[in-house]
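Both complexes below contain chain A, partnered by chain B and then by chain C.
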Partner chain A sequence: MRASDLKPIVALTAMLAALPLAVRMNNYYVLLLTWILYYSTLVTAWNVIGGLAGQLDLAAASYIGLGAYTMGTLLTRLDVTPWVGIPLGGLVAAGFAALVGYPTFRFGLKEAWYALATISSVVVLQKLFLVWEEIGGPEERYLPARYGELYYLRFRGYAPYYYILLAVLVMVLLLNVKIRRSKTGYYLLAIRENEEAAEILGIDVRKYKLRALLIYAFVTGCIGGIFALISGYLHPHHFDTWTSLQVAILGIVGGAGVGSIYSLPATTFIIYSISELLRSTLGGWIPGIHLIFYGVILTVVVLLKPEGLSETYERLYGRIRAALLRRRAGGG
Partner chain B sequence: MTEAEALLRVRRVTKRFGGIVALDRVDVDVYEGEILGMIGPNGAGKTTLFNVVTGYYPPDSGRIIFRGEDITGRPPHEIAKLGISRTFQVVKPFLGLTVEDAVRVGAYNRLSDEAEVERRVREILEFMGLDRLRDRLCRDLNIVQIKQTAIARALATDPKLLLLDEAAAGLNPGEVDDLIELLRRVNREMGVTLWVVEHVMRFVMGISDRIVVLHYGEKIAEGPPEQVAHDPKVVEAYLGAEVVI
Partner chain C sequence: MRRRPGIGRTVLVGALIVLIILVAVAAIYVRKPAPTPSPTPSPTTAAPTTAPPAPKIEEIVIGMVEPLSGTHSIFGIEAKQAAELIIEDINAKGGIKSLGGAKLKLVVEDSKDSIEGAKLAAEKLISQYHPPIIIGAYISRHTAAMAEVTEREKVILVADALVDFLSEKGWKYFFRACPKTSIHGKTAMDFVYETAQRKGIEISTVVIINEDSVFGRYTALGAYHEALGLGLTVLDQIEYPYDIADASPIVSRLMELDPDVVISVPYFSDGVLIATTMEEVGYKPMIVAGAGGCGYCDPDSISAAGSAVEGFTQTYSYNPFLNTPYNREIVQKFQERYGKLPTEAGGIIFYSLWTIKEALELAGQMFPEDPLNPDNLRQAFLALDITSGPAAETYPSGHIKFGPNGDNIYAMAVVLQVQDGEPVLVYPFEYAQAEPIFPIPGYKP
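Let's look at the complex of A and B:
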């Protein structure tokens, strides 16, 4: 990894680390920021399959749910620490991804068909956990209320989760930068651009798609474990199709796979904040206004900027930089 | 030349699409170091033969032998590893990648050390005269540059045999001459055996050591360019095609 790759990550981390302090640890805002970071990590992980490999994957909620149930079940039944439960949840999610992904790629399911197959997996798992009384069932299963113990990773406030997610986001950003600059990254881009051409250049398309899927599913499963710790209970509605859609929409609008990876957290930050503002102000009169907002944003961006917003940010950043430099030159 | 010397042997290959017999018991030998041309009217089966050789379609019957190894039915990525690459009649560019990155994708076929990959990419870009376009997105290239990039990324895989499907189509006469010049250098300096499908006669007659003629899925003639050009069967096939058009 080059130094120039690390600089923006360090800057972003410093900025995000200061944010809860900037809002004076206000509970509502910290919670809001925590959800923003949560979606940022999900979208950044999605970039591997949706951005680099170009597969419209809508199974995020399957991996989140599996990660949540794995971590939560181990914790409540066997008193296994989330430090172990979270990565195990990632592995279970990756195992499930392989189960769905292998035949899907084997039979060349692509585009709309792939999207349908993956979002169906969310619905199927939700129903399955609803009737699987042993592990799931329609009742909430609460995690132990052992607050403040590092072993249980349970906290009363949201700030600790915010910082845990920040650490995860940094890792996922680094992972993306590393993949993007590796043979695997170039191979995934080639697959996204043209599978047939990629094959005769020596790329085992199925193998590399599966690799991208496994990486993404593992990370998303881990994030699912953290999600369960934040929400404090397990329930089949954690297999939530809206979460899947939201991740993909944020990825598409953010221009996953085009330009800078930082466009994804930035887009999540902006869109989630606006949608939350709409929900809290107008949501009383127009229930679901924030959902409509996602639909509108997606439509507008796809129509006007089909490659997503990443270039827009880059141009904006360039302009701000130029203006600052000019001012400095003028002043000094 | 004896059969044992052939780099690639196509033996009695048949391929049907529903009722259409696209290839009918076709035999072709490609010898190491040569430039083999392949012509035939539209729909003769030229592209289909390339697709069968490079693993995109399995043949209904027949065998493909490359360097003594039976490669029939192997997937394209394995064929690429063995040393065959190709370009496509309908170009399949990596629109969202830069020229350099498109070539890099090919270079990973045989190399894993990043420094070696970098060197190979630079070498190929220079050889193809694409160095000043290296940072340009394929989306922003003209058709000639897109076709050059397609050859460049195929060469980057370090093939023994390169199949070119209508590389000269859409080029003006000057560009055709440049392409002939370039491919001769690929053949001589890089030691790559070439098998080229072409409608542009100026190109195929100018570059080929030997020519194979397909017509309705059958091989109807084979030999040096001047002999094939005067073969009554070939003349008839092309006249027939012209009448149909």
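Let's look at the complex of A and C:
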């Protein structure tokens, strides 16, 4: 990893770390920021499969749910700390991803069919957990309300979760940068651009797609465990297709895999904030306006900027930088 | 994500601008009739906990969180409509008299039909408007997510969600006037038993069928316990997913067991499916008694199932036909304004908001120096014993008194029956519009 890769991550982390202080720890804003960070982390993880490998994966909610249930069940039944439960949840999610991913890649399920297969896994898991009384079932299962103990990772406020998610986001960003620079990264790019050509060149397409999927599923499973800690209970509704779609929409609009990785958290930040603003200001009068907003954004971006917004940000950043430099040159 | 040949950009940008203008116009248009909650509430709205000389309270914010978008939005929107109507009515009738005629102000938030949305909405209400009381969130798991916030911030939560466990969590600032799910199950069973006794018909066997959500299960459990308590034999309890496409396995199982009574907890389309399947195969038990607030007697179900639901009954948390002066008045107002009968979702809000009004009134009398302090307000809620006035006149049992767990001790549901294609009130007998039909048409012993 190069130093130039680290600089933006350090800057971003410092900025994000200061945000809850900037809103003076107001619960509403910190929770809002926490949800934004939650989706940012998911979208950045999705970049591995959706951006680098170019597979339209819609199974995010499957991995979230599995991560949540693994962590939660271990915590409530066996009193296993989330510190262990969260990575185990990631492993279970990765295991499930292998189970679904191996045959789909083996039989060459691509594009829309791959998307359909993955999103149906969410629905199937939701139903399964509804009828699986021992672990799931229709009743909410509450996590122990032992607030403020590090062993249980449960807090009354949201700031601790915010910083936990921030740490995860940093790790996922580093992971992305590392993969991109590695041999795997180049292979994945080749697969995304032209799978047949990549195969002819001797890349084991199936192996690398599966590798990307496993990495993504593991990270998403871990985030699922954190989600369960924030929401405080387990329910089959954690397998929510809307979450999957939202992750993919944010990824596509943000330009996953095309430009800079930072475009993804930036897009999440902008879109989620506007959507929440619409919900909280106009939502009382025009119910569902935030959903219309998602639809419009997706349509406009796909039509005008099919490669996503990352390039737009880069141009904007370039312009601001140039203007600043000019001013400094003029002033000095 | 390949590049596609560009469509005329100017056209698209033009279309987008037009769209934005349209949305803006729509927003302004829709905004006008509704009272606009200003982002900066007047200083008096914030529950003042420290001002020693009794401050003059001019306005009290009541927060409301409902699913206004998503699958449950029909219920959420009706709840919001009902709330706007009642708040207007309370203010028009002089506000909270013991607090110098303080007016109520409603601020509604959308829960986005999700856990994260419900929690976010509650946090936003509390941090920006400081309401002493929040009402919501229709869906039990959203209400549970919200309760974590309201308990921490010491805000009274008046729930319009029915699932039993909400009152079993030991929450301190939680109140629920509406009948919980097990009361619905119990009421359905009691109704059948008492009707049979009145008619001199002997019943002995029951089968309970319910959709498999937590809602369906708790309702069924209430009916189950009541059936055992009444000395009836429960032959079986059949659970099914609410979105079933084929009810024939359920109906053939019923035919096999051939119970006297079928207690059913339907959700929406499953009830219609069960009724029409029974009609098709020509099987009718003595009665199919629905429990749980929506199902066989909903106007939509009756129009969808037609004669198949004739004689079927259903329990509700609210009865739009209740013949009391205030209920007649508010139902008429509701119909004039929204062009439909208020149902479950709206009705619960009617009496819950009037209960809130009575609690505020009492808090003003009991604690004139600090009525909006959460602990004082809680004392007032616990001291309530409403037997007259609008809250009692819209409540099925006409009596609201909260027990230590926050549930109404006198909670009751009502039973409607489809008679000649119209829902009519048949239970409790003292309020009934008509004598229940029992056994139902088509029953062959």
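Throughout what follows, the second predicted complex is superposed on the first by the 332 of 332 C-alpha atoms of A that agree within 3 Å, B and C clash if a C-alpha of one lies under 4 Å from a C-alpha of the other, contacts with A are read in each partner's own complex, and residues count from 1 in each chain.
The criterion applied here is as follows: a residue touches a chain if its C-beta (ideal position, glycine included) is under 8 Å from a C-beta of that chain, and two chains touch if they have at least 3 such contacts.
On a predicted model such as this, the values are computed, not experimentally measured, just so you know.
Aligning the shared chain A places chain B and chain C next to each other free of steric conflict. Applying the stated contact rule after C-alpha superposition, one finds that A:E199 touches chain B and leaves chain C untouched.
In the superposition on chain A, A:E111 makes contact with neither chain B nor chain C.
Of the two partners, chain B and chain C, it is C that touches more residues of chain A.
When the two structures are aligned on the shared chain, A:A190 is found in touch with chain B, with no touch to chain C. When the two structures are aligned on the shared chain, A:E149 is found in touch with neither chain B nor chain C. By the touch criterion defined above, A:P138 reaches chain C but does not reach chain B. Once the two complexes are laid over each other on the shared chain, residue contacts for A:E276 go to chain C alone; chain B is not touched.
In the superposition on chain A, contact of A:G308 is made with chain C only, not with chain B. After superposing the two complexes on their shared chain, the closest approach between C-alpha atoms of chain B and chain C is 9 Å.
Residues 257-258 of chain A are contacted both by chain B in one complex and by chain C in the other. The part of chain A that touches chain B in the complex is made up of residues 183, 186-187, 189-190, 192-194, 196-205, 257-258. The touching residues of chain A, counted against chain C in their complex, run 26-29, 31-32, 35, 54, 127, 130-131, 138-140, 156, 231-233, 235, 237, 240, 242, 252, 256-258, 276, 279-280, 282-292, 296, 300, 303-304, 306-308. Of all residues in chain B, those touching chain A in their complex are 54-56, 75-77, 79-81, 85-86, 88, 92-97, 101-102, 104-106, 108-110, 112, 150, 153-154, 156-157. In the complex of the two chains, the chain C residues touching chain A come out as 1-4, 6-7, 9, 12, 16, 19, 23, 26-27, 30-31, 34, 37, 68-70, 73, 76-77, 80, 107-110, 112, 114-117, 119-121, 123-124, 126-128, 141, 144-145, 148-149, 152-153, 165, 212-214, 216-217, 241.
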